[in-house]
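Quick heads-up: structures coming right below.
Below, chain A partners chain B and then partners chain C, in two separate complexes.
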Partner chain A sequence: MSAQTYKKFESAGSSDLPDKMTIYQDCMNTFNESPVSAKRCRLLISRLLRLLSSGETFPQTEATALFFSISKLFQHQNDSLRQVVYLAIKELSGISEDVLMATSSIMKDVQNGSDIVKPNAIRALTYVLDESTAFSAERLLKNAVVSKNQSVSSAALCTAYNLLPISEVTIKRFSNEAQEAIMEVKTAPMSARSEFVSKAPHITQYHALGLVYELKRNDKMALMKLIQQCSDGFVLKNQFARMELMKIVNDLIHRDTQLFAQFQQLFNVWLQDRSSLVSLETAKTITTFAIAHPRLVSPDLFATTVNVLRKLMNEFNCGAKLGAVKVVNKMAMVSPEKVAVCNPELESLLSMSNKELATFAITTLLKTSNEDNISNLIGRITEFVHKVSDDFKITVIEAIRTLSLKFPKEWKVIIKFLIDVLKNSEGAAKFKSSVVEAIIDIVAFVPQSKELALESLCDFIEDCEYNEVLVRVLHLLGKEGPSTSNPSLYVRHIFNRVVLENSIIRSAAVIALSKFALTKNDPTLKDSIVSLLNRISNDTDDEVRDRATISLKLLGSEHSFAKDLVQSKYYYDLNSLESKLTTYISTNEDSFKTPFDVSQIRKFSEDEMKAIELKHKQDRVFKSTDNDESGNRDAIAPATVSTNKRKDNDTYKGADLHEHEQDLLESKYADELSGMEEFKEFGKLINSSKVTPLTESEAEFVVRAVKHVFKDNIVLQFNITNTLVDVALDNVSVVCSAEDPENSRLEELFTLPIERLAPAGESACYVAFKKSTDTVMKGFLNTLHFTTRELNPDTHEPFEDDEGFQDEYEIDSLFLNAGDYIKSSFVGNFEATFDQLPNEEVAVYNIQEDLSLQEVIDKLVLNTSCLPLSNTQFAPTDSSSHVLKLFGKSALMGTKVALVIKMIKSSKGVALKAQCRTEDATLCADIVNNLM
Partner chain B sequence: MGNYFSSMFDRLWGANRELRILILGLDGAGKTTILYRLQIGEVVTTKPTIGFNVETLNYKNLKLNVWDLGGQTSIRPYWRCYYADTAAVIFVVDSTDRDRMATAAKELHLMLQEEELQDAALLVFANKQDQPGALSASDVSKELNLVELKDRSWSIVASSAIRGEGITEGLDWLIDVIKEEQM
Partner chain C sequence: MSSLYCIEAVLILDQKGNRVYANYFAPPHVQDGEESLAGSLKRQREFELEFARRTAKSEGDLQMFSGSLVRFKRFTDVVVVVVGHASANEVLVDVVFEGIAGALELLLDSGGVDMRVVQDKFDLVCLLVDEAVDNGIVLETDPATIAARVTRPPTTDPQVSLDLDKGLLGAWGFAKSKLQERLQQGR
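Here is the complex of A and B:
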């Protein structure tokens, strides 16, 4: 449909909206009349604004025409008309072209307008100025910033803040004026509106602080000075300004943790601030910091903070309550025992009529609860859930879902709750499916729960109206049912669906059914499934028939390959599959005569897949703590510059590993490697390590390494970035020398150097080895070798006569350790598995370095490449000892590896006792002796 | 008494009628200076006009709605958005700017071809006469090829916005023409 068509009454509910085309015509006529009728124009603009605010928009040409005709209203000196004109300019500036035509007129209002329109005019500058015109408003804006009138000064500060990304050069020159505005006490203009203005006395301080921070962001000393000046006595009269200052403190202490101690005094005072906004922000700052650096926050300060949070939860003000619950919730994710004292307050919030607040309190309580009170709590939640809307239900279900990972032993209570909600609570598909997903999770990670869950789900699907939910359940039944004690039970339920439901569900049921034909514990089942499938092959629906027919074919086949298709044991790495498919389609040379080679794609076994999923889930729980932080630097910016996402959002995140990117990188590297001729004869890539940096990230040449393991070979990949501006590197290679070359079981085969590395370029050099035994552990000393070539700045080619000269560059060592031969893997009942493994080795470590338990745990997880289970990857905050449980499988042989590592922290360091059990004898000692 | 008469005149000349007048010309010719000379009778310090200035002023019992549009190359394309209902165009030329006479001539003739301006009277100010080396009004007239203009009342007046010379003379002529032709 062309952009030029208009539809009257386009969407339901908008019928009371004025018609777009009529408004447009009326505007064009009325605004161009002479003389202008202020009253009629005002009315029309408000109708136009209503249209725009309801989501309507105009094509660019019409928007521009509107903008021009509205700009003509500047000829009329009437303040109330002018105010709506400014509103219209703001709305239209996003969709109209050539908004700069209003610039001179706006600047005139900034200079000579009445007190009422001046702030409007100043704010409008944000929309019309660009990089080339901003400087022409500099003088005007600066004068406005230092104005005694609070509204004028505030408007100017906000405009400067918003112009910063548009014209940094100009706004950089504002820092003196802005600094002045922080310290100066402004007056609100006396007018009919003074009542309104006085609600935010001294708001300029807040806006000025925001601007100064943006300008001085990278100047730590200046920020320290700023904080010092502002925290002195009663300088900051505005509560938002004090809150903003606390955010600056927060930024600084995350950049330099040692600064925390310096602000102790400020924290203590502002925790008790008369404004709950300020005490809340202070509490938030302290707890966020305590999560990342528990040792740097004194127990006293922490206790005071928790008390303040409890007080805030008792406040009358809902905002303060909500803010406090959010902070407590975040804390509860990492150290629930520290905030468990808040439980009485949290419980009192459960009965609040504000459901958002109550929901938050529940999700928090679920975290602070322990095995003793969890079932009691779930009882209360059951009542609550039946009464609230779907959105809140879903939030609660999500919380319960993560709870099941935390208290696997409580699975019965949790499953009962979920089933009850599923059957008895009204709700739409999205809610039902969130419950089903939660159950699926529990089945996956708590194997004992399987039969109860599946049976309850069978009941549920007898009477379920949502296709998508039914299909999910049928899939689960097909996947898990065959390995239960009584598979035929499920077959009956599934077949009922085939008889009773629509074709979508019938199709799903066929696939589920066919999986039961492969059941090991009940060989008689195969015949009944085959006869059922035979009946279904007469179905009226094509898809259902096709599925039945193909299933029969596969089941009848002698190839084990066919069976794999029915009940797949492997999952493809979707990232890699996607990229390979894209290449396949784009490089098609023989109109797809060569079939796509799926054997190139990385595959994961069921347990590996679970390990990956579990890890993602755990990450999500903890990353989500940070999400609501992002964007809070934009707090004082009006919506205008939302496109300009600030770079520093990460400052608030702790050690965010960007897991997803990491995964993508891994499959990218693996893809690149398996595509290279040189490595073809090494066979299939078995395992790749995480990316290890070998230089500082600010070095001239940034090097990062990945270790790849093949059956008989090792390939070290060095990714090298040349950060020099006008020098190219030729023939770049890495020389790796083994630490003890005499008894090396590795033989270097060849190096693939980088021919030329252009400035700012990144490329990989590979070094390949042959290994004589399965697992070889080794340290490498590495040096970068290359020839530098000066580049001619005009041609970007090396100078002809420049031979270049050879150079070397030392980089960090790289260690090939036991973990490189292990893939993390999931196991449902760790203890039982551990007890069954035949080989055991024990090693004891004494770590002298001053590391926290958490740091030790992180290192162990990284070095062993194992999956931490039962949430043992989190160090307790209230105890100096911990037991870490790790599980993985040998990448080469697929044999199991389980570790129980006990650790105790004392004043002398951390002592470790590691017990390693494996299926395969050789691996055991290697792992346990290479932990740190 | 005066008020009484003026309101009587208003009624005679069509009640409350406002006259739209555009001031056009290349950047730096003195348009903004002329506008404010007319409105407040003083010389103001100007900055290049990004967009336009519009002022309403009373002149000889008439309400004039005067639009001073920016003259930079980037803004000239927008002049046409303001042509509708225009009674007269005042075209200002910097008489010392010999290099850009041709450009000024081109812009002037381009503008006068516009349908919406067919009935508009034209007043040209050969401005900055106070400067040494300024072209005379008749030289400017030649440069601008004014004699070629048919079917339109036009006049060229030597002016200095800084000294306030020639401005009222020009405007007087313009008002007379408008009264004769359009009222």
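Here is the complex of A and C:
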């Protein structure tokens, strides 16, 4: 302890704490005094507790000494001293040794202590017992559980609950007593101070229920019986106990969905419970279940639930409000139309002083809104957003951003709102950049908005103080500006930046400017840009000068690829680029004499890139609905929460791990195939399908297929897993026979079998075909051929004399359909594109199976491998018809493919009318005839 | 999935986020991951300071903060905070808070809760929270019941009665027995 801290305590007032060593010495002296002064000891322990609470701690030897001297105070029979002694024991038990020695004194108190200290003594047992001694407390705890005194019984139940992880066997012995405690009505003893009268009795029921649940959690029948007993009449008098029972119900119905119907009655009663704690928990249970299993919840019950939620939102208690609005928000992600009736309540929450509530209300409203009221709503949000802190603003902006994908037609209102917020609202860089990102999103996916957005951004950069935001905007201007009707406008704005700003921004501006030189519809611009760049090449900063010089050089060059370097036409697949570069660096065979071969990396055109991004976003909207399950830590909540441990699922920060894996998978296939001699002559891999399972996942041999399309060839890859324990498979091959061999346009070239498939091993077998026309649709009947070899369990080698046994194994057939020749793609204006395409084919389907619209949509999207546009990938829940819009490009020719599929669900099944338009006549008919 | 452990911490902080009282809970006898705040003082301090920074303008609210459900209210120069698990029922956290805040007002009855009172009657505050929440389990939420379970500090020390009527011999006998006691204790 330094002299400085020592002095600090000397000078300060009486409520400041003396330093650690002084307290330690005082405690050691006073506790060992005889006789003990109860008053002084309590004061010292109070100081000790303050010291520990402030985060100080003692070395183990000193803590043990303290613990030892404190346990001496057990000799003194004074309740008010004893109570703080228990507190000190609890705090010190974590840092001192030999805590067991206090056990006998504590147990004595449990038996003979006064009503006041008995519960404290019981609860202190949690800290002094361990695996080997827990059994010794069995009788004491059992007696305490059946006590008529509520505090004693609760203390014993909590201690038992705390001790469960180390002594479940002991605790199980009094599960009967615990069960009785649920039913029994206990009261707190009337204390001397009678002015305190308990208003919420019977909390023991809650603790008993919690304990019994832990003991019987795997016994479904016992839990059912428990619920039966407790839901009868007024058995559970305590609101917490009813909440706990509802949680048990929640657990059960998620384990066995069929049980839901049995609790219908209970739900109806408890939704109307007089305690909002219970009705909120019930509503939560029903809605989480309804999100997972919408078919099992009757519309009546659902409507009642929504009504209860509305009532809760009107309550005075902010807990009920927040709870309810969170539930509604979660519902709105999956089926916004069902909770739209809550809109008036949500709107009244907007004016609450609790910004958390208001923000939740806004994000919910944005989800439930439709095209008619959206502009009105945005007006209200504008008022709101200027008044709250940055975190809430960002949450709202993120919600608006998703909205722009949902209502592309409303882009004008949304852009205006964003621009207004950007210009008129105070905020830090993070907020500003979230607004700019949202605008960039809209520009990318709603091309009509481009000019308005770009012009407003030009105004914005005139006085923006954040480098990273400015650079982002300049990049956007450079990318989108040249293709607008009046590019010279932007040139002026960008050049202003070069004159006025720092070197970071100047360099970004130079790159943006040089892109304008390639503008097609204004050739005069090139000369002006060149003269501007010439001026910049005298800049004081190296980077700016370098960039200007290289741009000039590229612009002056005759080579065609020079232009590509200025304004690139494609993007590299960054994930595979990264992994390739890492392998390049780590292998380093000839100290980097061979240059890195960039041509291996997949390239995406602008449209493909957008398609990928849009797909990720769509997945995100869908995924975000189920990661709120059971309220895990990264729940969807306004971003007040952004400290270290939270992952922001709400915001788009780039593809997550799962998506990376999918992207990488495709380049992995390309690598694998191009690495095999046999496939060299086939040329470049054009398209790979998704993985199709051909067996049950529990089968002895699990087979999954991937279809690869080359220019003139087809390769079927079968990934085979051997799940047998001590049998190896030799010479594994797949025999594919076409469904109708007569008019097959495919010629089988060769099969690459797997030589040996060890137990639990996975390997791939390839079958290659040559195709005579561009696109071939075909079904294949597949059989697995192999020789089984029994393995010697010791050596894991086949027995010498085992000849093996030839066998066959039938697997599902595989279809090569039109979707395998299509890559999903994005187009800004679907309707216009659709109308322009020359070839049209129409087909009508009638699906007899009992499929929901959503299942049909999912299947269509999968089969055509097209990208669903205009937010049509979600089936409406309130209507039986839907129109799905799909767009893609032929993988072979790069021609456009657009599909409009109208569907109606009736009692007989689902009727489809598919209208397909393509640039290329060959694909058109194939697609519509192969939809399902 | 359903657990009685639903309260993560009870805190009393000053206006800058410094601790006046802090108690973080974690289920005992469970090998805890790095998730919980209870295990790391550094994380607790970060949590407290961040909390004070973000709620500086607010008088009292229930809101999500750092992945937890937080209910707080400002008293004269301190703020009382109950931190609930994110999956806890919102009303439950609210009720627990009302219980603790109500009991504080009942017990620290010297005209409102402020820093000085909390520091001076720290033993009462500790006992009170201990009676309301046990290792994160809600033990009692009724302010009156909580307050009734908390003992006041003893006002006077029971004096060692030296009965002088018995005379000098009695006094000598008493002194001797005390001396023996000390000697037996080894000092």
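Heads up, the rule we're going with is that the second predicted complex is superposed on the first by the 602 of 932 C-alpha atoms of A that agree within 3 Å, B and C clash if a C-alpha of one lies under 4 Å from a C-alpha of the other, contacts with A are read in each partner's own complex, and residues count from 1 in each chain.
FYI, contacts are C-beta pairs under 8 Å (C-beta built on N, C-alpha and C of every residue); 3 or more make two chains touch, one makes a residue touch a chain.
If you're wondering where the values come from, they're calculated on a predicted model, not measured in any experiment.
**Student:** Have a look at where A:34 lands relative to chain B and chain C in the superposition and call it first, second, both or neither.
**Tutor:** It touches chain B and chain C both.
**Student:** Going by the contact rule set out at the top, does A:206 touch chain B (first), chain C (second), both, or neither?
**Tutor:** second
**Student:** Now for A:136: first (chain B), second (chain C), both, or neither, which partner does it touch?
**Tutor:** So A:136 only meets chain B here.
**Student:** Touching A:123, do we find chain B (first), chain C (second), both, or neither?
**Tutor:** The answer is second: A:123 touches chain C but not chain B.
**Student:** Touching A:108 in the superposition: chain B (first), chain C (second), both, neither?
**Tutor:** The answer is first: A:108 touches chain B but not chain C.
**Student:** Quick one: name whichever of chain B and chain C touches more residues of chain A.
**Tutor:** For chain A, the partner with the higher number of touched residues is C.
**Student:** Check the residue A:370 against both partner chains and state whether it touches chain B (first), chain C (second), both, or neither.
**Tutor:** The answer is neither, since A:370 touches no partner chain.
**Student:** In the superposed arrangement, does A:75 touch chain B (first), chain C (second), both or neither?
**Tutor:** first
**Student:** Between chain B (first) and chain C (second), which does A:737 come into contact with in this model arrangement: first, second, both, or neither?
**Tutor:** Neither chain B nor chain C is touched by A:737.
**Student:** Would you tell me the residues on chain A in contact with chain B in one complex that are also in contact with chain C in the other?
**Tutor:** In chain A, positions 34-35 sit in both the chain B and chain C interfaces.
**Student:** Could you list, by residue number, the parts of chain B that touch chain A in their complex?
**Tutor:** Against chain A, chain B makes touches at 16, 18, 20, 47-54, 56, 63, 65, 67, 70, 75, 78, 81-82, 84-85.
**Student:** Once bound in the complex, which stretches of chain A touch chain B?
**Tutor:** Residue list for chain A touching chain B: 32, 34-35, 68, 71-72, 74-75, 77, 98, 100-105, 107-108, 133, 136.
**Student:** Under the stated contact criterion, what part of chain A meets chain C in this complex?
**Tutor:** Those in contact with chain C are residues 15, 34-35, 37-40, 42-43, 45-47, 49-50, 53-55, 78-81, 83-84, 87, 90, 116, 119-120, 123, 126-127, 151, 154-155, 158, 161-166, 188, 191, 193, 195-201, 203, 206-207, 210-211, 213, 240, 243-244, 247-248, 250-251, 275-277, 280-281, 284, 317-320, 322-323, 326, 354-356, 389, 391, 630-635, 637-638, 640-641, 643-646.
**Student:** Which residues of chain C touch chain A in their complex?
**Tutor:** The touching residues are 1-4, 19, 21-23, 27-30, 35, 41, 44-47, 50, 54, 61-67, 71, 86-87, 89-95, 106, 115-116, 119-120, 122-123, 126-127, 130, 134-135, 137-142, 144-145, 147-158, 160, 178, 181-182.
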